[in-house]
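Across the two complexes that follow, subunit A remains constant while its partner is subunit B and subsequently subunit C.
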Partner chain A sequence: MKSVSAKALLDWVDDLIRKRRVMGAQARDDRFTWGPLARAADLRLDYDVTLLPPKVFLQPPREKLLEFSRAGGYTSCVEAEPFVLLGVHPYDLAAIRQMDEVFSQDHADARYLKRREAATIVAVDVQAVSANTFAGHMGASHVETGYDILLTRIGDGYVAELATKKGEAIAGALASAADADAAAQEARREVWAQNAQRLKKHELKAAPADWPGLLRKGYEHSVWEEKAKLCFSCGSCTLTCPTCYCFDAREDVGWSLARGTRVRIWDSCMLADFAKVAGGHNFRKNKADRYRHRYYRKGQYIPEKIGGQIACVGCGRCITACVARIANPVEVFNRLAEAR
Partner chain B sequence: MAKKKTSAGGTDIYLPEMATVVRSAPMTELDRFLEFRLDSGRELGHRPGQFVELSVLGVGEAPISISSSPTQAGSFQMVARQVGNVTRALHALAAGEKVGIRGPFGTEFQVDGAMKGKDLLFICGGIGLAPVRSAINYVMDRRADYGKVTILFGARTPAERLFTEETRRWAAAPGVTYQETVDRGDEGWTGNVGVITTLMPRLAVDPGRTVAVICGPPVMYKFVLLELRKLKISDANVYVSLERHMKCGVGKCGHCQVNGIYVCQKGPVFRYSDVAEVREAI
Partner chain C sequence: MTSKPRVAIFDFACCEGCQLQLVNLEEELLDLIAVVQPVQWREAMTEHSEDYDIAIIEGSITRAQDEERLKEIRARAKVLIALGACAAMGGVNRLKNNFTMDDVRARVYGKDSAMPHLDTQPTKAVGEVVKVDFAVHGCPITKSEFTSIARCLALGKTPLIPNHPVCVECKMAGNVCRFEYSEICLGPVTRAGCGAKCPSGGFWCYGCRGFVDDPNVNAARDIMAHYGKTVADLRSRMLLYNSQQELANGPDTQY
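And then the complex of A and B:
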């Protein structure tokens, strides 16, 4: 583990930008987004939460799957240029690790996995707490694996843990920085302990481990209908969710009609037509059925696929994004935990 | 990150391989019979009940059941009902034209498992006959391996019946009972009129040695299952093929989910006793 000054860290970032494609968290008005980083001064390691999670780089909102032509049939497209993801918060990293599992199991998704391989992830411990986070309840306020480098703000500087070969490959000047002393290491543990408490802006009364059980007996609970009544079926909660990954595929045909592409785009189980089949039958035509499905995916269906991990990391983005104010998982699971 | 072996040696699970239409013929106003051969020359290698993702160049991709039996080598067949962009485009394809194929995907009717040696009861509504035909012809080609075969087929009108020549052959085969009904008859129709369940009370089945297979429109299952209960056939001896939009076919896109179950992986064929408590299933 290394200790660096804030200035030295910025110098390292500027150096990195000269050598690599770097995506970083940046300010846009009073909020934060991910994008290509032009200079270290634009990087905001003190952001609270980004509008969209870093899944935008691993499963892009729109991605070319295939090219086709009348004459030549279909050919695969894989877009996976090496890049550095700079400033990933622990809860988003927890989500990425879940997506790694989802996309590698059974039929492995080569496009996701190649991009994942192409990504070097520099995580940063949370400095500013966002308004709706409950990552502290979800065990995702800090992580101890999964990153290539982890940065933690300690006083005026940072400690940097170079955790993997990929991390060392981009370490540059960080590698020769002074080793972090025992006090700095202790300070990092203290940051983790504090963040576990600070990242609790909503009070969860149902332990995540109890979510599958609550759902098993909560299928007919009145909360689904009550909340869904106000739902606009807009899909904002799923689009901003770091563990949502459902998609659609569409044909994009050139005007010669002789060639085109098949693209994969984000989809959402909250949209009205998601479970519709050809012929018009909709297997989840009621808003309450769709609303409930989303929470079952978070608390039961995806956990069953990925060894019990709850598919909610407490980032709180859905809470912020939902204009109807019905998307707070804490409220839903607290309700399920109450006596009816 | 998790290191797992990729399927098929890391090949692209979303890349179709090319196939050629070798036969295309109208069946009903909405349905068209299509036969394909893979351009690589390899067999599709499917099992009865499985489906493929079929691409029409420039239009898109749709999941379609395979209707031919794997006992018929060299090509494979489908019935395309004109209900969406892809099937509409499929209807316009002539012999010699190209399509893309991914698959086969999904689970099979248990023709070499639970159904072997048993009396079989096939209950098909409308285009539900298409996937079940794969199992029926498999059984016909290995007739000695199975007991009595009963096939019930329901269509909306006489003109919407499928595979009318083939069903006549089935009806004439030894040890096979074939019955059909239509929701609405016409001037020339002298056969049964009524929904498919009206054929069931008269059935003589030995519930102890019968395996039933159901495939049809979503509304049909509940009523057929009730009649099967009356015939004392246990839920464990009933197989259902469930329709959903299996968009990716590989358990990722989410569209086909029935509660926590990806139909493209755990289905489309389910043992009814395995899904009887799954609320979104039927």
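And then the complex of A and C:
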């Protein structure tokens, strides 16, 4: 583990930008977003939460899958240029690790996995707490694996843990920085302990481990109808979610009418036509059914696929994104935990 | 496909801005006419034929003689497409349905308002007069959506018209929700397909593409107080494009 000044860290970032494609957390108006980083001065390691999670680089909102000819034949397209993801918060990294498992299963998703391989992740411990986070309840306020480099703000500087060969490959001047002393290492543990408490802006009364059980007996709970009454079926909760990954595939034929492309774009189980199939039948026609489905994905269906991990990391983006204010998982699971 | 479909473009009550979007296709125009054969298009060509497969209708219907003309077009066309908000749902023109026709005539034509050739009737969308096969939404239309629909039809494929709210495209664009700034945005009830242009440019959604199939207008009403707004505020915003749903017109309980 290394200790660096804030200035030395920025110098390292500028050096990194000269050598690599770097995606960083930066300001957008009065919020934060991800994008190509032009210079270290634009990097905002003090952000609270980004509008969209870093999944935008691993599973882009819109992605060309292949080019085809109507006469027959196709060419697969994979965009997987190496890049550095700079400034990933622990809860988002927890989500990426879940997606790594999801996309490796069944028909492993070559595109996701290639981009994941092409990504070097520099995580950063949370400095500013966002208004709706409950990552502290979800065990995702800090992580101890999964990153290539982890940065933690300590006083006026940072400690940097170079955790993997990929991390060492981009370490540059960080590699020759002074080793972090015992006090700095202790200070990082203290940041983790504090963040576990600070990242609890909503009070969760139902432990995540209890969620699958609550859902098993809660299928007919009144909370689903009650909340769904206000649902716009707009998908904002899932589109901003770091653990939601559903997509649709579509074709567009060019003006030649002979050749075309197939793209995949983000989809959402909350949209009215998500479960509509050929012939017009809709398996989840009712808003309440779709609303309920989202929570079962978080607390039961995905956990069954990835060894019991709850597919919610407490980033709170859904809470912020929901105009109708019905998307807060804490409220729903607290309700399920109460007597009905 | 043995021969190119013959296309005729007609305008009714409108600003002709959607047709202008077609003219504005510019470098794609040659591609377009390689796929379809325009045979009547007042804004862009001199030639004129009444033999066509596809009729594209721009504008809303506001006069009895326009209804007759539209019915004749429908009878000749195999496929009829409503182009733009006016044709698809009445558009801004439909605001006049919130007043009596006498008031409307007097406001626009003053002392001449009683003259017979200035007669007008409540605005109708094309679909209220004849069967519409496809609608290209928006005020104005989105060029890329139109060209995509054109290619689908040339292939004999059903075009995909989104039935989800603008929020989907707005979130994918990484925008801050306008409600976070306590602005009323019609995105949550408005049909996507525009790429969330207005919110991406820092404005609320005006609802120019009309409602999704099952808009939760009740929810839109219920959330107003939280954002420091009233149902009347919501109604005034919805009137601009959504007068046709008659929801904005009715009592509050109708929301």
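We adopt the following convention: the second predicted complex is superposed on the first by the 337 of 340 C-alpha atoms of A that agree within 3 Å, B and C clash if a C-alpha of one lies under 4 Å from a C-alpha of the other, contacts with A are read in each partner's own complex, and residues count from 1 in each chain.
Following the convention adopted for this analysis, contacts are C-beta pairs under 8 Å (C-beta built on N, C-alpha and C of every residue); 3 or more make two chains touch, one makes a residue touch a chain.
Source: prediction; values computed, not measured.
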Should subunit B and subunit C be called a clash or a fit once both complexes are overlaid on subunit A? fit
State whether A:163 touches subunit B only (first), subunit C only (second), both chains, or neither. neither
Contacts for A:150 in the overlay, against subunit B (first) and subunit C (second): which applies, first, second, both or neither? neither
For A:101, using the defined touch cut-off, is the partner it touches subunit B, subunit C, both, or neither? Pick first, second, both or neither. first
So, does A:281 touch the first partner subunit B, the second partner subunit C, both, or neither? first
Looking at A:250 after the superposition, I want to know if it touches subunit B, subunit C, both of them or none. Which is it: first, second, both, neither? both
Have a look at where A:8 lands relative to subunit B and subunit C in the superposition and call it first, second, both or neither. neither
In this superposition, which partner touches a larger number of subunit A residues, subunit B or subunit C? B
Using only C-alpha centres after the superposition, what angle do subunit B and subunit C make about subunit A, to the nearest 10 degrees? 70
Overlaying both structures gives a minimum C-alpha distance between subunit B and subunit C, in Å, of 5
List the residues of subunit A that touch subunit B in one complex and subunit C in the other. 250, 253, 257
Interface with subunit B, subunit A side, in the complex: residues 65-66, 68, 70, 73-76, 78, 97, 100-111, 113, 116-117, 219, 245-251, 253, 257, 260, 262, 264, 267, 269, 274-281, 283-284, 289, 293, 296, 300-301, 304
Mind pulling up the subunit B residues that touch subunit A in the complex? 1-7, 10-16, 18, 55, 57-62, 81, 83-84, 87, 98, 100, 217-218, 243-245, 247-248, 250-255, 257-260, 265, 279-280
Per the touch rule, the subunit C residues reaching subunit A in their complex are 1, 28, 31-32, 34-35, 148, 151-152, 154-155, 157, 160, 163-165, 167-168, 171-172, 174-177, 179-180, 187-189, 212-214, 216, 218-220, 222-223, 226
Interface with subunit C, subunit A side, in the complex: residues 28-31, 33-34, 51-52, 56, 61-62, 229-236, 239-240, 250, 252-255, 257, 265-266, 268, 271-273, 287, 320-321, 323-325
